[in-house]
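Common to both upcoming complexes is chain A, partnered first by chain B, then by chain C.
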Partner chain A sequence: MLNWIARDRVATLLLVTIAVLLAVGAAAPGFLAPSTATMIWSNGLVLMLIALGVFPVILTRNIDVSGGSVLGLSAVTLGLSLNAGFAMPVAIALTLGAGLAAGAVNGVLVAVLGVPSIVATLGTLGLFRGVMLIATGGEWIEELPETLKALGAKSIGGLSVMGLCTMVVIVAVWAFLRARRGRWVMVVGDNRAAARHLGLPVKRIEFLAFVWGGGMAALAGITFAAQIGFVPNQAGTGIELRAIAALVLGGISLLGGVGTVAGVVIGVIFFTSIDTALVFLKIPAYWNDLIGGAMLLTVLLIDGRLRIALEARDRAARYHRGEAPTPQSKTLEDAA
Partner chain B sequence: MKPTLAELVSVSKNYGPVAVLKGVDFSVRKGEVHALLGGNGAGKSTLMKILAGLVPATGGQVQIGGAALSPATPAQAQAMGLYLVPQEAHIFPNQSVLENVCIGLPQAASAYRSRVKDLIARMGVTLRLETKAATLEIADRQIVEILRGLIRDAKVLILDEPTSALTPHEVDTLFTRMKSLRESGHGLVFISHKLHELRAVSDRITVLRDGFVVHSAEMAQSTDAEILAAMSPGVTALNDRVEGKIVSEEKVLQLSHLSGEGFVDISLEVHRGEVLGLTGVVGAGRTELAETLVGLRPRSGGEVLLEGRPFHATKPSDAVKQGIVHLSEDRQQYGLFLEAPLYWNTSSFVYHRLPFFLRPGREQTRFETYRKSLGIKCASADQPVNSLSGGNQQKVLLSKCLAAEPKLLILDEPTRGVDVGARNDIYRIIEDLAAAGTSVIVISSDFDEVVRLSDRIAVMAGGHLAGELPAGASTDAIGQLAFESKETTHA
Partner chain C sequence: MKKLILRWEVLLLALLALELIIFGMINPRFLRPSSLLFGTSDFVQVGIVAVPLTLVIIAGGIDVSFASTVGLCAITFGIANFFGLPLAASLTVGFATGALAGLLNATIIRLTRLQPLVVTLGSLYMFSGAATVLSGVVGANGYEGIGGFPAAFTGLGYAQMFGLPMPLFVFLCFSAVLLVLLHMTRFGRLVFQIGQNEDAARHSGMPVFRVQMWTYVLTGLAAALAGLLLSAYFGSARVDLGGATLLPAITAAVLGGASIYGGKGSVLGTIIATFVIGYLQQGLQMSGVPSQISSALSGALLVIVVAFRHGLALLSAIIPVRPGQTN
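The block that comes next holds the complex of A and B.
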């Protein structure tokens, strides 16, 4: 158990999440039901997709704060093209194209032109939002067709189409990071100079991470539009910061090179659970931020303390003479 | 003549206004080990980085296997069969040793597990494949770098000071590997500051000075004197030890039964103005002892007296304030602020003594004095440390310790990667310090160096104090203590 916690923060977080859910369940009977689980899942979908998009970018030791704007831009692309009479598949393809293109802009700025990622994506955060507003003329897009809303509604086994898509993405990212090339993404963030030295296409990896981030934000945009049925001007504002907070909570290091998909998933679920629980406990919505922030700090503190204690234990074990691995025996001739 | 595998034709390189290489020709043939020698900052690493596509040349041609290296990237150089093991180990701290070695190979790491294991066994080292690389000591990091080179099976393998952190045993096994690579038709380049190492494996030697090739011949036809004269005119060999030094009776530092991480029950004394050599093989607990003394690691038992008063540093600043200064063996990780200007680094132990508003002028003057006395080769005091050559970085590290004007100076591998001339200078500085009353503990794996410097020699093995020897003891006697007692403790 302790070893399990030692391996990553995911374990601590999982335990805290379960504890919080049980506590809420005790206070508000009826909370602990399968329907709550599907509700948390579907409430968290948009955040999950954005987080999955930023994840590889952070692994390469960059950051992408333009996710919310790309979400908005994609949702608008979807809404406008559907309302212009394009068929659903065509509209979705256009939306994904818009997201990927936005990601590619970020990628070119960072990987090719060498702009620091925080600067580049802060710039595009405003830029993409601006493009979106110009495209809509500042109007909301309403009256989206039912076929789109169906993507966000429960269909198969209590899950929506977008919910299933997200699951597929999670499994795909998990599998990718276990593959040889997936490892490349992690090591670029771990030591860029070493990765370059070993012949990895560092710039291409960084570029593709941003493109992936754009693509995921487009999926998030589709989910967003499908779930609420219209596209407001402020669609997605601020979500990138929530996604980054969820990632940090899930043990993904902002210094790059460290993180697991399980961490992403649990981090997002933790955030969404708290929001959902607050609704159940009938606590006014304006408490959300305060409670969410406090929980974030609590988990990080508990985890930090645990980690220090475990490290001390490991060190003590490592330096316990006698148990240490036997050094190779060396002979006198070697010394001479 | 054997066919040429890689070639540099009148290559030049400028960093801004500074010309580092001025029309250098260099080649590696099939089945040879080509030694590359030169003082610190002569341009050896730069030359090899150009060959490996890591740094673009300002002029000249780079050819690998008869074809021009284009585009000039490390990926391309590797695809053409050339790999460079760099001077400073670049590791991925959050990956396992196995991943560290195998990243960038055409298959997943698990496919190479048995081969890496085999190489490690043949190198005669203990290194667990699952260990997270962040926890590795500097010697093991260097081994990881060497393994990367060996597993890639490149036709041309360049080793930039691979032996600087290794013990004699590991150096020997590395040489065996190098020789078998040569037999199988590979071409190797070997950089080292130790002439006897170069002699042991090399067929040809090229000496670089100030960006020019000043000597290039068969190894067998070059005498030591010739090579040294080419490298640094004026220096012929290492100065000998001054005999007959009388050490004061006054004890500066007394350790009694000190235990901590990686060592137990160490009792030692250091007198005023004495140079104590602390030696042993890697992993003997020397570095841990030093780091515990200055408060970098927790102490688990025993006592320390500094000038007769109990001394217990819980953090390094305690030690610095009371006059104990420690030079880390790992200059890149713990020693230097790599992105900061040189003179900031020199002042970094004395920031608590500087005025509220800094006076950069004075700090630069301070740096200037050390630049002269240590012979640091740099363009300006404002340069970041990571733009210096490895040996010059080491000198900046030393200057930072000297600036603190300590009572007791602990030097962990002070001459790692330092050229012969500068080694002489550093020895002279240590002797001058001792003569002025500073006590010095020199930790070194180089037994010759320990004998050369020490007034008394303490040998550690397996975390214990294996014994003490007087000044001028033979390296054999040291070796006996360092290796033999280890076997008895394990018996």
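The block that comes next holds the complex of A and C.
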């Protein structure tokens, strides 16, 4: 049991999530309905996309905290180009371009110049937010066209277009990580020096991970603008930290090389369902951070202690095996 | 001599001087002693948290939770004051909150052996959540402040000490203490040694946990100090008082020469970097640049300076050094 909880983080978290949802359902009738499920999904879309973007970066043992600003920057790109009269596909292409370019800036800083990723992306977090504010002149972008809002509205089987896109992305990431080149990402994070000696293009992999993060943040920006219908100045502020917290909850190690897509999805869903459940329980929204933070710390504490206990047990077992022959040889000596 | 000139702190000082000269040419009013001196009240809280943060980073950790500890301590102080505790007792409550917050971080990091970034990220949320919930206790819902402080306390925010504004004076005293602590005591040596190689430090019997714990507790105390100064300065305790210190404080520590991998850094560098960042923001504002652009520029400053440092290291790795020139 202990083994299973520690080794299968995703299943544990899934069980905890289900337990929480059932408990909330018992307290607040009407919570356990299919409409809640689609609501949690659409509430968590932006967080999910950001988390999926940071995921490969963390797998390579780097970190990207600029996601929130890239989200804001690309949402503004989308809003400005739509309001300037560009067609929707062109505007979306421009937005994705902005996100990819922002990711490339991070990638160059980290992979080419060798700046520690936390420092580099902290800098670009301020930089991109500033560029965004310069572009808008500090004003909110409103009156976005209905065609954009349609992307965020529930249309196909209770899911929005962006919701379906996200599902496709999840499957794509899952498939990619199972492919040969996908394993390379894990290898780089697990042991960078070994990956280099194997002849993997380590720097290119790191660079591309950051570019992917930028692209996903742009997709999150599109989703954000589509769901909300306008772009405020503070669009996406703080979401990068929530995304990292969700990833950690889902068992993705910040030390690189360890993590699954299922973990990303369940971590994000856990965070979102707590927020949604609080609404149903009529707990004021200002409790969100306290409960979310306390839950994260509790999970980390339990998980960390379990891992340490397991390691200690494994080590004890190893020593035990090492000692085992001793009494035997002693009896042999006695016999002799 | 060459070694002195090439020291990072000297380069930073040159950067600061350059900055002051440029802004002075754009707007001569910027260089008036009174505006230089009293303008510091707007940014010294960044330095107050950045200096002990430097210690945390040198010892191989990182703390991002101080940003909400600032607000949390201000709120607990405000609540203690609200319930009629004498000023000294209220102040103690505020500082005790900060110390406990640091202790909690250090304990969880020790118990889970997880990366400090993850743990303090969790406490960043928890502390700001706790502050928001607590401020609801006395009826100051959401982001409204808790006010009604005695005049003796709010007067502190504007008091002067030896001709220096109170916040600046507190900052200089506090960082002087930490400067001595880090660079001239046994404790400081331990901080560096643990950051260089934690395992080696542990195997040679150094009190690794205790030293790291103290660095976190110091950061918590500094966050309380910053929160109380800001409450005195603004006349009210708010949850989001420290929100704007998160990035600048980490920027100041890194710009000041602290290595995010631990083992390197200096208090003096962080102090100078605080002024570089603070005067950059202020100078830009006085030159008529909107605040959004100034925030972009300080982000750019961090990126450029750090890229420059790493580019320099990269360059020196590529260009072969003549034998005898290596140190």
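Methods note: the second predicted complex is superposed on the first by the 293 of 336 C-alpha atoms of A that agree within 3 Å, B and C clash if a C-alpha of one lies under 4 Å from a C-alpha of the other, contacts with A are read in each partner's own complex, and residues count from 1 in each chain.
Rule of thumb we're sticking to: a contact is a pair of C-beta atoms (placed from the backbone, for glycine too) under 8 Å apart; a residue touches a chain by one contact, two chains touch by 3 or more.
Because the structure is a prediction, the values reported are computed rather than measured.
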First, second, both or neither for A:Trp184, with chain B first and chain C second: first
Which of chain B and chain C A:Pro201 touches, first, second, both or neither: first
Touched partner set for A:Pro145, first chain B, second chain C, both or neither: neither
Chain touching more of chain A, residue-wise (chain B, chain C): C
Which superposed partner A:Val258 touches (first chain B, second chain C, both, neither): first
First, second, both or neither for A:Ala193, with chain B first and chain C second: first
Parts of chain B lying in touch with chain A, wherever the complex brings them together: 54, 73-75, 77-79, 84, 86, 90-95, 99, 103-104, 107-109, 124-126, 128, 148, 168-169, 172, 260-264, 281, 283, 288, 447, 462-463, 475-476, 479-480, 482-484, 486-487, 490
Footprint of chain A on chain C - complex, ascending: 62, 64, 108, 111-115, 117-119, 121-130, 132-133, 136, 141-142, 247, 250-251, 254, 260-261, 290, 292-300, 302-303, 306-307, 310-311, 313-314
Residues on chain A engaged by chain B in the complex (per definition of touch): 179-180, 183-184, 186-187, 190-191, 193-201, 257-258, 315, 318-319, 321, 325-332, 334-336
Interface residues, chain A side, partner chain C - complex: 63, 109, 113-116, 118-120, 122-131, 133-134, 138, 241, 244-245, 248, 254-255, 284, 286-294, 296-297, 300-301, 303-305, 308
